[in-house]
C-alpha cells in the first residue's frame, strides 16, 4: 500500500507507519541497516514512524503482541487502521506475504478492539475507538473490494521504495518490477495506469456523493479522483 | 431500497423508477389498481416513472428484454443503475424476491452493457455508459457490502409504501412490519435505527475523504451522514 | 443463544452453562459483581453453572485450555455441546463477539475430541463422546443453518438477561434492544416474532418426522413447535 | 434419493414421483420401454407416478415448464418437494447429472412459488404452499447438509432400481456398483453402511428432540433412526 | 488464451478455433471485415477455423445452440475443449467478457455432453467423448487454477492479435496493452514474464512426473517448460 | 495418501516420511509399540523415516515447531512437500483428522518458507526451496483438486497399513474398511476403482502433454496412467 500512503500524505492526511520487526532473518541487510532505511523512507514519505522490536519470523498472536499493538493504536489515535490481510487462504507468492504479515493482520484485528476496552489496564494509554480497519496485501485468490488509483504517485512511491536499498537485490534485482506490475494489474481493473488493492470486511457506508463522483467503468475515473484526495 | 430512494431524492438526486410488470399474478390488486398505486407513489417520491408492459411471472433473460431495458438506460442516462440481486443462491423469503426479481437483475446486467454498444442498432437511443451497477434485494445468505443509513427517511418511506394499498393485506397485513424489521436488522450493523443493504460486485474506488467522514464502529455514524446526502 | 436455553430448560432438558472468565477487562462491572450476576442468572434459568478462572482477553487455543474444557465436557457428559462460532470471517459488531469468544469456539472444537480420547490421561474424568457440536454467535456474514423459534420465551429471557445488571449500561443502555432486534431479524426468516440462529458444520441427520412437523414457509411454523419442545 | 423413497414409503409416508421425460436421447432403451420400466418401479416402490411429456435434452426454464410443474405441485399438494440440485457449480460425473436435471431443479424452485400464487390463473389447480424444498443430486464439490441413513433399505432399493432394465448396461453394466459406492461414501460420514445426501438451502428449524435422538458422531446413529421413520 | 494457442500449435498440437458470431454489434468493424480478419489470424496461427453464424448479442443457451456446438465437437473430435468461463460471478471489465462469452461457456458445458449421447440423433456426426473441458476468460474475482507460461510466444501472439485490425482502436488504441498487462500479472504469479490463466472444474489427475518437472515457486519454472510443449 | 506413497516409491521416486508424534494419547498402543510399527511400515514401503518427538495432542504452530520442520525440509531437500490440510473448515470424521493434523498443515506452510530463508540461522541446514506444497487429508466439505489413481497399489498399501497393528482395533476393527471406502468414493470420480484426493492451493502449471495423456471422463483413464508413474 506504499503508493497510497504517498497519496494520503500528499493529500494532507497525517500518517503513522508502525513496523514490527527489523527483518533480520531476511536474505539481505542487517537489522541496523534496515532500521536506517526505514527512517529515511519515512522521512521522505512525511509520516511518523514507530519501530517495535519484535523478532523476525516470531510474530505470533499472543496477549502480549495484541497489547503492544493496542498501545500503538492508543498512542496515534487513528481514524483508519491498515493491516496486512489476516489469513492466507492460498498464497502471496507475488506480493511476498510472510507468515509475520498474516500474523500481524490477525493481531491487529484484536488489538483494535483491545484499544477501546477501558477495563483493559494492561495496555498503556487512553482507550481509542478507530473508525475503520482496512487490509492491504490482499491474497491473489481474492478480489480486493477497494481499489485506490495511485497512478500520479508511482514515481514518488518508487523513490521512497528505493530507500530500502538492501532489499533491491531481491528477485535478481527485479523486486520493484514485480511490485509495479502488481499495481498495473489492479490499475487495469479501473482503467488507470496503477492502483493498489484493499479489502474491507465490514459493509462500507453507502456514500451517494462518492459514487456520483467516480465510475466503475473502464476509462471512467475522472481526473479529480485520479491524482488528488 | 425504497427509503434510499427517498434519501436520494430529498438530497437533490434525480431518480427514475422503472417497473417491469403490473404484478397481475399477485394475490391482491388488479393491474389497473397497481399501476395507479405506482403513479401515486412515484409522485409522492418525486421520481420519474417508467412502466414497461412485461407480463407478471414471465420475466426471462432474452435478447428482447435486454434490449428493452437497454433502451430505458439509454433514455434516462443514469450514473448509477440499481437492480434486484441477479441470482438467488439460497432464498429471499423475508424480502419477498420473486423469480421475476432475480431475472430482472440478470437482464439488467446485460442491458447496462448493451446500452453502451454503439453497434447495437436494435436498441433505440444514443449509447450510454452508466458508471455503476448496484444491487438491492441482497439474499439473506450473503452480507450486503454497502449499507445506507435511512433512519431519517423511514416515516416518509412508510407513507410512500402505503400508496401501494392493494399490497397492504399481504402477510396478514403485516407486510410493512416485516420490511421495517428488515431495515432495523441492517441498522443494527451500523449502530443506527434503520439501514438498507446493497451489494456491488466491482471493487469500490477507495475514497479517503469518505472513510474519514464515516465510521464502521457501532454508534460511530455522525449526524452529517445519517440524515443528509 | 440465551432464549434457547430458556426454551430447552422449560422443555425439560438439563443444561449446564460454562463461563470461562469473569469479564474483568470490560468497561462495566467488577469480577466479583459479574460472578454474582452469573449465579443469579443461572439460578433463574435453572441451569448448572461452571465458572472457570481464565483471565479476560487472554483466552488462547493452547493444550491447557483444551484440556480444561475437555474436563468440563467429561464432567457434564452432554449430548449437545454449544460454543460460540470458532472463526470470525468478518465481524460481529452487532452480536458483540470478542476475540475470547472466537478463541473459545476454536478450543471447544478440539476439547470435544480430547474428551473422548481415552489415552489422554492429562484430562481428568471418564472419556465422553458428545453427540453434536453446534455453534451460536454466527457471524453476520454467514447465514445460520439452524433457526430456533424463541418467541414464547423472550419475556423470560429478558428477565434473566437483566440479571447481568452491570452490563445494562452498554451501548448507552440499549444493549437489550440490540439483542432483541437481532432475534427479530432471525424471526423474520421463519415468520415468527423472535428466533435464534445456530450453525452446525456436520450434515444434519435427515429426520422425516421433523420436516413433516415443521415448515420453512413464512407463516408456516405451527403452534406446537413455536412454544414447546 | 431412491433408497430414501423406499424408506419414506415403508415408514408410512405417501410419495408421488414425477418424471419429466422418457429419456429417449439416452444410449439405451426406447421411450416406450423406459415408460414401462418406470411404471413397474413405481408400483414396486408403492408411489404414485406422474409422467410428463417433455422431450429428453430439451428441459429449459421457461414460463410453460414452470407452469406445468406448478400444476403437479397443486395436484399432489406435497409437504416436502424434492428436486435435483439446481445448479452445477462443477460436475456430477459420478452421479450422472444431466443438463435436464439441473434445469429441473431451477424450474422446480420457481414452480413451488408459482403453485402458491393465487393470482396465477394460467396454472390449473388450487394454490398450494409446500412446506419444504429439498435437493438431491448434490454436486460432489459441495457437502450435503442432510444425510439420510438408508442402510436397511438398500436391498429393496436395488430391486427397484433393477426395474430400469434398459439402463443396466450403462457403464459396462456397473451402473449399480457406482450408485452403491456413492451411498457407501455418504454412509462413511455417518458411521453407517449406506446413506443418501441432500441439500436444503433454507435454515432448518432447530428441533431439540431430533438432536437428542441422533448423533453426528461415527457409530452414533441409534438403531431406532437407522431403519425406521 | 491466444498465446496458449500459439504455444500449442508450435508444440505440434492440432487446434481448431470455433467462432460463434462475426461481432457485428461491436463498435468497430463490419461482419465481413471481421470474418476476413479471423481468416487471416487463423492462417497465421496455423489452426482450422469454424465460423458459425449466430448473431452478435444473441447467444443464448437453447437446445439449438447446444446442438450446433455438439456438432462442432463431433466434427473435430478434440481431446480438450476450451470455452470462455460459463458464469460471471462478478465482472470481466479488464478481460472484456461479453454476455455472449459467458453464454457460450454455458452452452459448451452441455454441448460436450450432448456430443457423446449416441441417442441424440438431432445432432449430426458420430458421438465423441472429449477428455477435458477447460475454461479461459477466468473472472478476475476468482483465481485461475491452471497457469500457462506463454512468455516465449508473446511476440507471435501479438502479431496474430493485430490481424484483428478493426479492433485495434478499442480502448483508445490500447487494447493490446491491456491484454499484455493481463498476461504480465498472471506471469507474476509464476515468476515468468507472461502467462495465461485457465480454470478447470474437475479435479486434475495427479501426474507426479509433471510436478517433478515444474515448480510453483517464484523463479522456479525451468526453461524446458517455459518455451516448449 | 498412503497408497500414493506406494505408487511414488514403486515408480522410482525417493520418499521420506516425517512423523511428528508417537500417538501416545490414542486409545490403542504405546509409544514404543507405535514407533516400532512405523519402522516396519517404512521399511516395507521403502521410504526413509524421520520421527520427531513432539507430544501427542500438543502440536501447535509455534516458532519452535516451524523451525524443527524447516530443518527436516532442509535435511531431505524435497521437490514436493505433502502435509495434512491446514485448516478444518468443517470436519474429518471419516478421515480421522485430529487437531494435531491440521496444526501440522499450518506449521508446514510456514516451515517450507522458513526453510528457504537464508537469514534464518536458528534452523540448522542449508536453505532449500521446495517446488510444491500439496495437501492430503482434504476435508470432506471441499472437493480435492488433484486425484491420484491408486487402484494398482491398494493391495500393497493394505499390507503396509496393517503394519500399524495396534491401530487395527479402531472403529471395531473396521478402520481399514473405512479407509478403503474413502478411496473407492474418490475412485468413483475418475472411473477407476480407488483414488486418493489432494488439494493444491497454487495454480497448477498447465502441462499440455499431461492433459493429452489423461482424461477427466469416466472410464477415460488409460492403463498407462493407472498403474505406473
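The chains carry the letters A, B, C, D, E and F, assigned in the order they are written, with residues numbered from 1 in each.
In the analysis below, a residue touches a chain if its C-beta (ideal position, glycine included) is under 8 Å from a C-beta of that chain, and two chains touch if they have at least 3 such contacts.
These numbers were taken from a predicted model, which means no experiment stands behind them.
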| remark: Maximum distance between Cα centroids and subunit C occurs for chain E
| Computing the C-alpha centre of each chain, which chain sits at the greatest distance from subunit F? | B
| said: Over half shared numbers or under half: where do the identical copies subunit E and subunit F land at their interface, same or different? | reply: same
| message | I'd like to verify one number: the distance from the centre of subunit A to the centre of subunit C, where each centre is the average of its C-alpha atoms, in whole angstrom. | response | 37
| remark: Per the C-alpha centroid definition, the whole-Å distance linking subunit C and subunit E comes out as 51
| said: I need the residues of subunit A touching at least two other chains; which ones are they? | reply: 90, 93, 141, 143, 189, 202, 216-217
| Interchain contacts, given as pairs of chains that touch | A-B, A-C, A-E, A-F, B-C, B-D, B-E, C-D, C-F, D-E, D-F, E-F
| query | For subunit A, which residues count as touching subunit F in their complex? | reply | 24-28, 56-58, 60, 88-91, 93, 98-99, 141
| remark: Listed in rising order, the residues of subunit C that touch subunit B in the complex are 90, 93-94, 140-143, 171-172, 178, 181-182, 184-185, 188-189, 191, 216-219
| Where on subunit C does subunit D make contact in their complex? | 4, 7-8, 11, 13, 79-80, 129-134, 143-149, 189-190, 196-198, 200, 202-217, 220-221, 225, 229
| said: So in the complex, the part of subunit B that touches subunit E is made up of which residues? | reply: 61-63, 66, 109-110, 113-114, 117-122, 201-202
